[in-house]
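Shared between the two complexes below is subunit A, which has subunit B as its partner in the first and subunit C in the second.
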Partner chain A sequence: MRLPPQPNERIDRDAPVAFELDGRRVEGCAGDSLGSALYASGRRVFSRSFKYHRPRGLVCCSGNCPNCLMTVDGVPNVRVCVEPIRAGANVRAQNVLGSLDRDLLAVVDRVGGPFTPVGFYYRTMIRPRRLWPYYEKLLRNLAGLGRVGGAGERRYDVEHRRVKTLVIGGGRSGRAAAEAAGGDALLVDERGGFVPVGYELLAPACALGIYEGGLVPVAAGDVLHRIRAERIVVATGTIEQPLVFPGNDLVGVVLPGAVRRLVEDWAIKPGRRAVVIGADESGCAVTEQLAAAGVEVARVVDLRESPVVEIAAEGRRGLLAGVTVDGEQLACDLLVASGGRQPAYSLLAQAGARIEYDAARATFVPVEVPAGIEAVGSVTGDDGRVAVPAASYNGARGKCFACLCEDVTEKDLKRAVAEGFDSIELAKRYTTVTMGPCQGKLCQVASIRLLARELETGEEAIGTTTARPPWAPVELGLLAGRHHEPVKRSPLHARHLAAGAQMMWTGQWQRPFCYGGGDPAAEVRAVHDSLGVIDVSTLGKLVVEGPDAAEFLERLYPNRFADLRVGRVRYGVLTSDGGRIMDDGTIARLDDELFYVTTTSTGSESVCEWFEWWNAVWGYRVEIVNVTGALAAINLAGPSAREALAPLTDADVSPDAFRYLGARELRVAGVPCLALRIGFVGELGYELHCSALAAEPLWDALVHAGAVPFGLEAQRVLRLEKAHIIVGQDTDSESNLLSAGMPWIVKRDKDDFVGKWAVEHASVRERLVGFTMGDRVVPVEGAQVVRDGRPAGRVTSARISERLGHVVGLAWVAPEQAADGAEISIRIGGEPRRAVVTLAPFYDPEGKLLRS
Partner chain B sequence: MSFLLDCPHCGPRDAAEFHYQGEVTSRPESPPTLRELTDYVYFRDNVAGLQREWWYHRLGCGLWFVAERDTRTNEVLRTEVHKPARPVA
Partner chain C sequence: MSRLSFMSAARDPARLEVRGPVDALQPTDGERLLPLGPDRALLVGARAGAPERLAADGYLAYDMTAALTTVELEGEDLLRRLTDLVPEQLPAVGSVARGTPALVERLGDERFRLYVPRELAEYVTEVVADLEQGLGR
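Here is the complex of A and B:
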């Protein structure tokens, strides 16, 4: 099938390359595309159409049409006509039941006539509605393209670039523009194959769109280049348009470009006997090329001279057998049919250019191209050629396809108009014309012309549909980029794993749920009875420093910080001006102008941002530094915490020297620490903050001193026994300080704090209270609180307290029920169960243990 | 949304690096009525046109600044560091 060597052929005849199509060996040459090698081996049917399963063959050979989509090495919908050949590739036909040549689903085309008009499925199969899921499954199997997920793990990357000049399209005008721009220019081309002169070439690569700010995403293999250009030159040229006539989708009906590429690039004889129908110079010019390649040309029809012709192609088993032109029957196996060239204006339209119909040239052309963007070459429509509107489609025999991707026929469009979908945007949505893989490259103009004729108006009155990215097919993986799932690990992560911890996700953090024993209750017991230790390095940690630091915090928190003495710690809750509870934590004053603020584990970044914002608004002399990642924090808690700590430090940690809510710098096991004496889990406790680098020796020393590591589940139980709330778990965006039971924290006599006015105007529609339940049945989080058979609240936290011997929890209830001893009813498994409201902490309500 | 924002500290950067905080509002200077408070907390002008708004260079230097942007075209006319009136000490 190969011709003698052609002057500019791309193949290397001495380098055979073999691959497989559906298990059969195919041989081509280096320089072939998969598609050209298949064509050279005699294959003509490349795919089966979307809806009717009609055989389809190469049409454009330039990656524009859907006819050569195959699955290559597990990647679906690869356009094999432009996919470079590679040895050992596993190529498979898709959308086929059986084989490409004998597709059992082709029955749809033969008997489906009355059942396949546009919109049929949705109108007919919607009743009875409950059967739709079954219909849908069936239809999805009958229609549709390749299957996703066969390619395994692939890595995609994103590269960001800035260039002065970006040229899109490597044709004559594009190359000239890039050369003129010189060294700072980058040229992007779909094919490449030429040597850049004084500029950079990115090929094969495809610009997907032009976004605001001059952003152009360019797909090149497994890399998406996000290119910012000061100047964008669009040289995307034109796209040859097919003609609409009966049988225009038969295998063997091609565009002139396919002939050019088959002959020039790959030295393939495209057929034996051809008919050429062209609407412009380049359409008719292939005649000479065909003759030179030894193809007999039966007839040439120049539509510029005889614009109205009856064309009808006939085929056998989907392959072209002949064509009737104005009554003259011509046998042929190749029909080169072109309806002229349409400027590929999409990228310009996306960038904001207006698209106007030029009746003289019978094409749509871009006008009013926005600043910073230039159009050069034939994409402007100024290439001197004169085309005429596409030929007729009046034949009654066979289907006339307006859209190959979605199998939309001229009848479907007429029907859409008859049903009232008579604007191009509506007809598009109703028939799905231009919505397939080609995105209108080969069907936009055809459908506009059809609509214009049907409505007896001009193309200019119909207009175009909105151009949107992506301009070329792109793999979703490329848009998604590399798979990123950030994981945060505490500096003690290795220690947790070594201790057999069951790790769990808390936001991006990995934290121990419980340790090797798998018994959180035992960990709770250790804290209550002797000594426990927990890694709280995930807490957000901010340093707030400056002459105005105290005043700044005073204005952010509802309680007082100006009067906090150096060396003391205070609990604080952050609210918004709307009254929403945002975060909580402790604030230690380390010096007159130096505060150390902790936040919740998930709140470090948002609290830092919040602080920075208010400081931008107010302009205090304050610096805020987020030191979360730099520091570790370990909470040592239990009745014997002091005895364990004393031998590890020179500092005096006696109850009088280091009192409850004190903050001191001391060395523990040689590690410099900031120690906060706070009641994190309800027992005597010290929270030790140290450099992340020193976390492991400190942890080891504490464990060596007898502290039992405990995980998040034990912490949850311990803190719930103290009725400590978890912001975001027990509170939500409707909660305020009064309803959440924290009126004591609000210092109403302060002039101002963020959220003050919301508290003043707050209404309390429900209250967050503690509750206990006698038996050991634990309500799920979210369980309903019921009152007179109606929902009246919900449970937000509940656990069994082994120490107290019953269930403890927090729930939102009606304000009237928020009283010590009030009985409420919680629905568990459909049954209401009795619970009793408790306002004070369940365990050690007076906090004696904390202060001990 | 792919326009560039001129961070007063870092220069022009992709908008995706920033966190948008909405239009610049003025916090009441004296205790507001419920209606005034609701206006301040919940209501925005939502103009089609020039808007002063807060941006935070979250994936950059961490600076809060004010931008003047045309909400119809995403054209950013200028950016500047907010100059607060020094609070009464």
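Here is the complex of A and C:
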């Protein structure tokens, strides 16, 4: 099938390359595409169509149409006409039952027609409803493209580039633009094969879209280049458009470009006897290549000179056998039919250009191209004399395809219009025309033209559908890039691992769930009975400093901070403008103009931004510094905390010298620390903040002093016994301070604070309360609180308290039920179970231990 | 004890976040000033006594030695896979390895230094190693 050497052929005849199609060996040459090698070997049927399973062959040889999609080395939907040949490739047909040549599902084409009109699955397969899952499964097996999952692990990378000039498209105009721009230009081309002169070439590579800010993602093999360019030159050229007539999808009906490439690039004789129908010069001039290849040309129909009314292609077993043009029957195995060339404007439209119909040339052209973007070459629409092709040429009975990707016929579009889907956007969604792999490259104009005819209006009135990325098919893996999941590790991470901790995710942090013993209850006991230590370095930590620092915090928080004395700590809850609880933490005053704020573990960045935002609004003389990573924090808690701490420091830590809610700078085991006397876990405790670089020696000293490391699970039990809330666990985006049972924190006499109006006007539709349950059955988080058989709230936290001997938890309940001793009902395993509301903390309700 | 002394480990501060009109700031020998934003900069290679000197000039300084870990890497191609910062426009602050904030400076032709949050440093080095593999190194 190979022709004698052609002047510009791309193949190396001395370098044979072999691969397999469905287990059979195929040989091509270096420089071939998989598709051209298959064609040269005599293969004509490349795929089976989406819905009707009709045989399909090469149409464009440019990677535009869906006809050559195959599975290559497990990767589905590879356009083999542009996929470079590679030795040993395993090429397989897809969407067939049997083989490409004998696909049993082709029965749909023969008998299914009347039962499978456009949108049939919306109408005929919806009843009975319970059968739909089976219908769906059936349809998915009958229709569709390749199957994912056969390729194994494949690596995709993302690379960022900045260039002065990015040229998209390496045709004549694109190359000229790149040469003119010189050294700072990058040219992206889908094929390559030419030598760049004074600019950089990226090929084969495809620009997928133009996003805001001049961002152009370019797919180049397994690397996605995210290119930002100051100037983008779009030279994407044109796309040859097929004609719509009966049998226009038969194998052997091709576009002129396919002939040019088969003959000139790959030296392949495309057929034996050809008929040419063209609407422009390029469509008719293909006779040159046909002559060069020794193909007999039966007839050339130049639509510019001799408009025709009827075209009908006839075939045998899906292969073209002949064509009838206005009654004249012509035997042929190749029909080169084209309706002119449509500018490939999609990227320009994505960038914001307006698309207008040029009636004289019968194409849609880009106008009003936005600044920073230029269109050059034939994409601008300046393309010689053309004939306006008819919407369709109905020469005989038979399917006239408007869309090859989705098997949408002229009849389907007519039907869509008849049913009222008469705008192009609606018809698109109903029939799926332009929604297939070609993304409208070959069917957009055809469908617009058909709609215009049916609605008796002009193409300009129909308009185009919205152009969206990706411009060409792209693997999802390439868009996803490498799977990297950020992990935050505390400065004590190595210590936790060494102690056999079971680590768990909390946001991006890895934290110990419990330690080596695997017994959180024992860790809880240690804290209650003697001494425990927990790494709380994950807490967000901010320094707020400046002459207006006190006033700034006073205005941010609902409670007071202006009157906080130096060396004291106070609990604070941040509320949004809407009065909702955002975050909580402690605020220590270290000096008149210096405050140290802690946030929740996941809140450090958002709270810092919140502070910065309000400071920008109010213009205070305040610096806000996020020091989360600079500092470690370790909470030493338990009745013997003071006895353990005293020998490690020179400072006086006696109850009178270092009182509850005090903040002091001191050295512990030689490490400079900020010590806060606070207690999330309800026992006497010191939260020690020190440089992250000194965290390990401090931790070691505390463990050496007898403190038992405890993990998050133990902490959750301990804090629950104290009914201390965790923002985000016990509260949600609707919770306010009143409903969460913290009205005491709202100082209504303050002039203002963020969310004041909203808190003052907040209604309390439910309340967060503590509850106890007699037996040891623990409701899951999210369990329903039921009242008269109806949902009336939910459990947010629940654990067994070994110390108290029963279940303790927090739940949202109706305000009427938020009273000490009220009975509520919690559904566990479908059964309502009795629980009793408790408003005070379950453990040490007066806080004597904390203050001791 | 001096202000925020608990933020400093025993040794001299090496990296100070400076707040104030940093454009007017003159680093001394061996110190370098890397921009973080308007009126914010990171003073690296800070000498003993730098906090006091800065305070005397009316700046606020915070010891970020422990907050930041440096990661050094070789190759502009590697940097381009790690961040969308422009290699020609360094030092600059941006995001590396999917959202990790970083200050990046160029040390030599093909050598770069990243200052990343300490808690994410190990993750960043894992990403760098993975990307190196992708480049066939």
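Here is the rule we use: the second predicted complex is superposed on the first by the 767 of 852 C-alpha atoms of A that agree within 3 Å, B and C clash if a C-alpha of one lies under 4 Å from a C-alpha of the other, contacts with A are read in each partner's own complex, and residues count from 1 in each chain.
One rule holds for everything that comes next: a residue touches a chain if its C-beta (ideal position, glycine included) is under 8 Å from a C-beta of that chain, and two chains touch if they have at least 3 such contacts.
Owing to the predicted nature of the structure, the values given are computational and were not obtained by experimental measurement.
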Partner touching more residues of subunit A, subunit B vs subunit C, is chain C
Examine A:834 and indicate which partner it touches, taking first as subunit B and second as subunit C; both and neither are also allowed.
-> neither
Counting only touches as set out at the top, which of subunit B and subunit C does A:617 meet: first, second, both, neither?
-> first
Please indicate which partner A:627 is in contact with in the superposed arrangement: first for subunit B, second for subunit C, both, or neither.
-> second
Common interface residues of subunit A - those touching subunit B in one complex and subunit C in the other = 160, 228
Going by the contact rule at the top, pick out the subunit C residues touching subunit A in the complex.
-> 1, 3-10, 17, 19, 60, 62-68, 77, 80-81, 83-86, 88, 97-100, 117-120, 122-123, 126-127, 130-131, 134
Of subunit A, residues touching subunit C in the complex = 155, 157-162, 226, 228, 482, 484, 486-491, 509, 543, 545, 590-591, 594, 623, 625, 627-631, 665, 672-674, 689-694
Quick one: which bits of subunit B touch subunit A in the complex? Just the residue numbers, please.
-> 1-4, 14-15, 19, 21, 27-28, 31-32, 34, 37, 40-42, 54, 56, 58, 62, 64-65, 74, 81-87, 89
Touch list for subunit A against partner subunit B, complex = 160, 211-213, 215, 228, 548, 551, 576-578, 609, 612-613, 616-620, 757-758, 760-761
